[in-house]
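Each structure below appears as structure tokens.
Presented sequentially are two complexes of subunit A, the first with subunit B as partner and the second with subunit C.
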Partner chain A sequence: MVRFVGKQCLLSIPTILLLTFFVFAIVYLIPGDPAEALLGNTASPEAIAAYRQKMRLDEPLLVQYGVWLGRVVHGDLGVSVRTSEPVIDAIVARLPVTLQLSAVALAFALVGGVPLGVLAATRRNSAWDGVAQLVGLAGLAMPGFFLALLLILVVSLKYGLLPVSGYVSFTENPVESFKSLLLPAVTLGFAVLGAITRMTRTAMLEVLGDNFITAARAKGLRERTVLVRHALKNALIPVVTLTGLQLGSLLGGTIIIEKIFGLPGIGRLMIDNVYAHDFPVIQGVLLFLALIRLATNLATDVLYALLDPQVRFQ
Partner chain B sequence: MVMLGGWKRLLSSQLAMAGLLICVVIVALGLAAPMTAPYDPAQLGAGLPMQPPSASHLLGTDELGRDVFSRVVYAARIALYVSLASTLLAAIVGIPLGLVSGYYRGWVDSVVMRVTDAWLAFPVMVLALGMTAALGPGLNNATLAIGFVTIPLFIRLTRGQVLSLSQRQYIEAARAAGQSNTIILARHLLPNIVPVLIVQFSLAAGSAVLVETALSFLGVGVMPPTPSWGSMLSSAQAYLLMAPWMAIAPGTCIFLLVLGLNLVGDGLRDALDPRTAR
Partner chain C sequence: MIENGDTNPRQSGGREPRIARRRFLGALAFGAGSLGLSGKVPALVGSDAQAAAPEQGSRPLRLSLAPPRQGTPTPGGSLTVGLGEQPSTHNPYGGMSNRTTISQFLESLVGLDITTLEPIPLLATAWDVPDEKTYVFTLRKGVLFHDGTPFNADAVKAAFDYMLDPEVASPRASDFDRVDSVEVNDEHTVTFHLKEPFGVFLSTLARQGYFVSPTALKTWSAADLETKPPGTGPFKVADWIKDDKIVLERFEDYWDSERPYLDSITYRILPDGNVKTIAFKAGELDFVDNLPATEVAAIQANPTYTFASAPSTGYRSIYLNTTAPPFDNADARQALAHLVDRAQLIALGTLGFGTPAQGPLAPPQWAFDPDFSPYSPSLENAKAALAAAGTPDGFTFTLKVSNSPEEVRMMEIIQAQLAPSGITMSLETGEYNAIRSTVIDGDYQAFFAGWLGGPDPDRNMFDSFHSEGWFNWVRYKNDEVDALLSQARAIRDTEERTKLYRQAQERVAADAPMVFLRFPYWAVDGQAYTGRVRGYIPDPMQDMLFKDVWVEPQ
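Moving on, here comes the complex of A and B:
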């Protein structure tokens, strides 16, 4: 197992290097001088010249990349043009909100999706199956921002059940904090809910057709035991993988959700700085989210290997 | 014959047909926008501001008195254009890279695979947003950004297909007969991957619609005065309680188009997959 994890980590080193290069190179897409873009248009010519010198912007691209990477490796993502705050601090400060939001969203998707998928598979062509397939399709096609507006309209504006927007921190008031996260989390988790429902249904249907299920039934086990201990346990392996892989896109979805609901998280940091053309922050968030995604994918691979011993020996 | 059976299965799938119908209706409405739209989409004060749906304004009017139905119909053109153009761009770049990578293997394959790994590490929405931040907003830049984030999906899929098809006997036969690599790639491998690619194309087009409308919603995609479903939703946000139709009309359009493209994609996949053939 240790060897497996080690090998996976080694394999991701070139990926991480390339990924940092993507992030580095994005400022070269900006029309004009990257130094000007990185310092903002209020910077004086002297400041720009000094910056060019410091980042060695007059040298070949690969040298520039090396200089940039050297700083990033030491945790220096640069400073925000607008606020002069170190980018890494800005990200760390916003992280708790985004993590809470993603956790609640994921919990909602799992708690809703797995049972619904199981019900659909065990009662094929029943009303439950219809609901499951509908949720599966809606999860694919429903834009998060439209769902958010619909929920705000009905739940918050018409019936006043939950706040329209704003964030209350957990330490301040746990109940209000949960209430402020509920609608954003449901919106964010809906697409994942659809995917988990579909995957659970398909995996359960496949497993239920297997011989070992027939054998378990023939042994006289109760149907409950057959379903939960034998079928679900196996069907959950692809569901776990899917959930792990969805984690990264969940973080991408936080951009719009945090903006609509006014949550001060990483997604909000990203979009605010896109508006402000604050490229050091944009680069920092890009890098951070891609690394998180890579890490969760790696963790998913390891978890998959733990759950399914066949993978380890390939 | 396989294709023929596949089409028959596709036609008999009600969901796929419903999806096709949705797509056809949206394409027809969009293409014929000058005829189907009763008003100029940019005309201020085509009616009173924020009127609910009525006979003269099928989907009501917005905060500036513009006809929502006319705007929705013109915005369909934008959604379809961006989705088609970006997916086409991704396919044109991604498919050859996947073919070469899967067929020649070796160091080319290693390089291409590591690059796509890094590419795919970025959540789609985040990378598209980062690119539009650098490129600037607008129709063409949004198309470019969405196309760019879709490329690795086509590389991956094509490569995987080539890897599995290369083992087949007819490819070995072609090689034994002394046919050149170019001929094998273009005449023997590519045509057999086309069905899978069509499926991928319709699914990718659906996701492109979601990304374009999201970018436009955030105000960094298609810019006003060009009507986009995303920007319509964004301005509807302020008048949610007073004029919900301003949000419901474009939002439903996005939902239906993406749903349609996904249903068609799923239907095609089932129809073309011999394993589910009955």
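Moving on, here comes the complex of A and C:
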């Protein structure tokens, strides 16, 4: 197992290197001149030229990359051009929001999705199955921003149950914090919920048709034991993979959700700075998100190996 | 100051002291009457309905102006404001994008009268101009910065020395490149020596010359200066949680002992316009900026809310590249100016907000000429101009426009207006900054954008139409206009300058390097607030000043 994890880690090193280059270079693909965008509409051409020089924007791309990578290796992601705030600080300050949001969203998706999928598979063609299919379809089809507005209109404006927007930190007031995250998390998690429901249902149906299930039942095991110990454990393998992959889309989804609900998270940091062309921040956040993605993929592989011993020995 | 057409919010700041109500209402009457605004605009019911029956839906535009439900100000209380866009920085010497918060805690030597846009005392109580290159300011006494440092002549000098220091590389330095030196006469008197006469100096001071405590400039970290620079304003920055909220607190030692009335202001950053409006309706906010145009009607219909707006100093226009075909020909440019139906554009394209623009001088500016109207929609005149240009059957060109739906819709209306003459306009949409870069490089035929302007007419003309202007993206060169504009910025007499600017405007309109379309009301960028907010007055510079605002106790 240790060897397996070690090998996976080593394999990701070239990926990380390649990643840093793309993360660095992609900023130069954003149309528009960073100096012009950053200084705004009132800056004179001289001011822009001076600025470009100050930020070393005149140097060749590879030289700039080298300088940047050298600093990144030492844990220095640079300083925001607009606010002088160190990028790493900006990320750390916003990380708890995004993590909480993603965690609640994922919990919602798993707690709702897996039982619903199991229910749908065991009571095939029942009303539960219909609900599961509907949720699966709606989750895939309904854009987050639309669902967000619907939820806000109904839950917050019409019934006044939850605040429309804003963020309360967990340490400040756990209850209010949960309330402030509930709508965004449900919105964010809904697509994942749909995917997980569908996947659980399909996987369960497949497993329930297998011979060992018939054998388990023939052994006289209780149906509950058959379902949970035998069927679900096997059916969960593709669900785990899917969940790992969905983590990435969760983090991507926060860009829209955080903007709509006015949450100060990583997604907001990213998108606002893309518009503002604050390139050190864009690069820093991109790199950070890419590394998280890499880490979740790695974790998925490991978890997969734990659940399915065959993977370890391949 | 180029603005991203109709979507980009605000601009330069300045501070307006309180004004007499009568005078203010007079200005409003000016805004609605002498502009040739009929007092009727289509109801705000969505563009389709209007296109079908613009007349039926007509009703007077309530330019709000909150019947200033004045009364006796009650000190205390707090205000929660929904902001669509977070300021990029609070450092007045950095690249500013949004002055809404800055203008609450930083002040300049002079302010601007909200109706005449002329300089009035603020941190300077009086000034004297012994010769055109020398300004002597008498400073207000007993003024403190938020960090306790006294505001005096040394502080003035320190701020300007800092701003003009090449090491600091402030983007604001170019606004004051005519300042030769700042001299401290005594503790409360300071003299500015200019390199050349500059009639726009006071207005530039008002908009760009903010003061931050010299102690902070010397000892504070860059990050702290970006978030909470100590100024002399009525409020000070208590906290700024990025992307979440900005909290301002009353400055207890403010030089005006009576004001401000509010104890604190909390700005909530809510970039989604729909959510911001819902939060306002749900009672989470007392005040919202940049109300989506589609929400204005509903807000106006609700008596518990007040919708506020004012004519702005900017204009919207189509930039024509005068150095590339087909618009290197003045006749071709004029043909466009003859074809555009501005009233229709406003009725259909911007839900009735704005007034037709015929030139760069905007309604709130003192040089504005309400009778100036060289172009009215005329196919005949356009045909004649096209014949003179040697293209009697029209021509084809491409217009670049940012990919906001509102702007594209406006340009589609113009597309239709040009079509009868045989002129085909195709649209190229893209991200605003990307388009702007190509426009600056001269790689375009036509481009739609907004200019935010400023209190002084120079701001609306020199940068864009002087051959050496920084924003002369139309690459316009007319020696006569150059001479008029240079002369106008070198003198201070308002009457004299008005004449010069009007002359220059005539030349510019005749040469048509831009097709002027619309003076925006500040309406799509309008604001709304609840009944408990009192004493608020919208200003043409689109700051939201809360110095005079109080809230009714709940």
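One rule holds for everything that comes next: the second predicted complex is superposed on the first by the 279 of 314 C-alpha atoms of A that agree within 3 Å, B and C clash if a C-alpha of one lies under 4 Å from a C-alpha of the other, contacts with A are read in each partner's own complex, and residues count from 1 in each chain.
The criterion applied here is as follows: a contact is a pair of C-beta atoms (placed from the backbone, for glycine too) under 8 Å apart; a residue touches a chain by one contact, two chains touch by 3 or more.
None of the values given here were measured: they were computed from a predicted structure.
Engineer: Under the stated touch criterion, which partner chain does A:L269 make contact with: subunit B (first), subunit C (second), both, or neither?
Structural biologist: second
Engineer: Does the superposition put A:A47 against subunit B (first), subunit C (second), both, or neither?
Structural biologist: second
Engineer: Counting only touches as set out at the top, which of subunit B and subunit C does A:P143 meet: first, second, both, neither?
Structural biologist: first
Engineer: In the overlaid three-chain picture, which partner chain does A:S165 touch, first (subunit B) or second (subunit C), both, or neither?
Structural biologist: The answer is second: A:S165 touches subunit C but not subunit B.
Engineer: Would you sort A:I213 into first (subunit B), second (subunit C), both or neither based on which partner it touches?
Structural biologist: After superposing on A, A:I213 lies clear of both subunit B and subunit C.
Engineer: On the A-aligned overlay, A:F261 touches which partner chain: subunit B = first, subunit C = second, or both, or neither?
Structural biologist: In the superposition, A:F261 contacts subunit C only.
Engineer: Identify the partner contact of A:I152: answer first if only subunit B is touched, second if only subunit C is, both if each is, neither if none is.
Structural biologist: both
Engineer: Contact-wise, after the overlay, does A:L95 reach subunit B, subunit C, both or neither (first, second, both, neither)?
Structural biologist: A:L95: touches no partner chain.
Engineer: Please identify the positions on subunit A that touch both subunit B and subunit C, taking each partner from its own complex.
Structural biologist: 31, 149, 152-153, 157, 259-260, 277
Engineer: Which positions of subunit C touch subunit A when the two form their complex?
Structural biologist: Those residues of subunit C that touch subunit A are 1-3, 12, 86, 88-89, 94-97, 166, 169-171, 173-175, 221-223, 225-227, 241-245, 268-272, 274-276, 278-279, 281-282, 284, 430-434, 436-437, 440, 452, 470.
Engineer: Enumerate the contact residues on subunit B facing subunit A in the complex.
Structural biologist: By the definition above, subunit B touches subunit A via 114-115, 117-119, 121-127, 129-136, 206, 210, 213-214, 217-220, 230, 233, 236-237, 240-241, 244, 247-248, 251-252, 254-256, 258-259, 262-263.
Engineer: Can you list the residues on subunit A that touch subunit B in the complex?
Structural biologist: Residues of subunit A touching subunit B: 12, 14-19, 21-22, 26-27, 29-31, 137-138, 140-146, 149-150, 152-153, 157-158, 248-249, 251-253, 255-256, 259-260, 270-271, 274-275, 277, 279, 282, 285-286, 289-291, 293-294, 297.
Engineer: Quick check on the complex: what are the subunit A residues that touch subunit C?
Structural biologist: 31-33, 36-47, 50-51, 54, 82-86, 90, 93-94, 148-149, 152-153, 156-157, 160, 163-167, 258-265, 268-269, 272, 276-277
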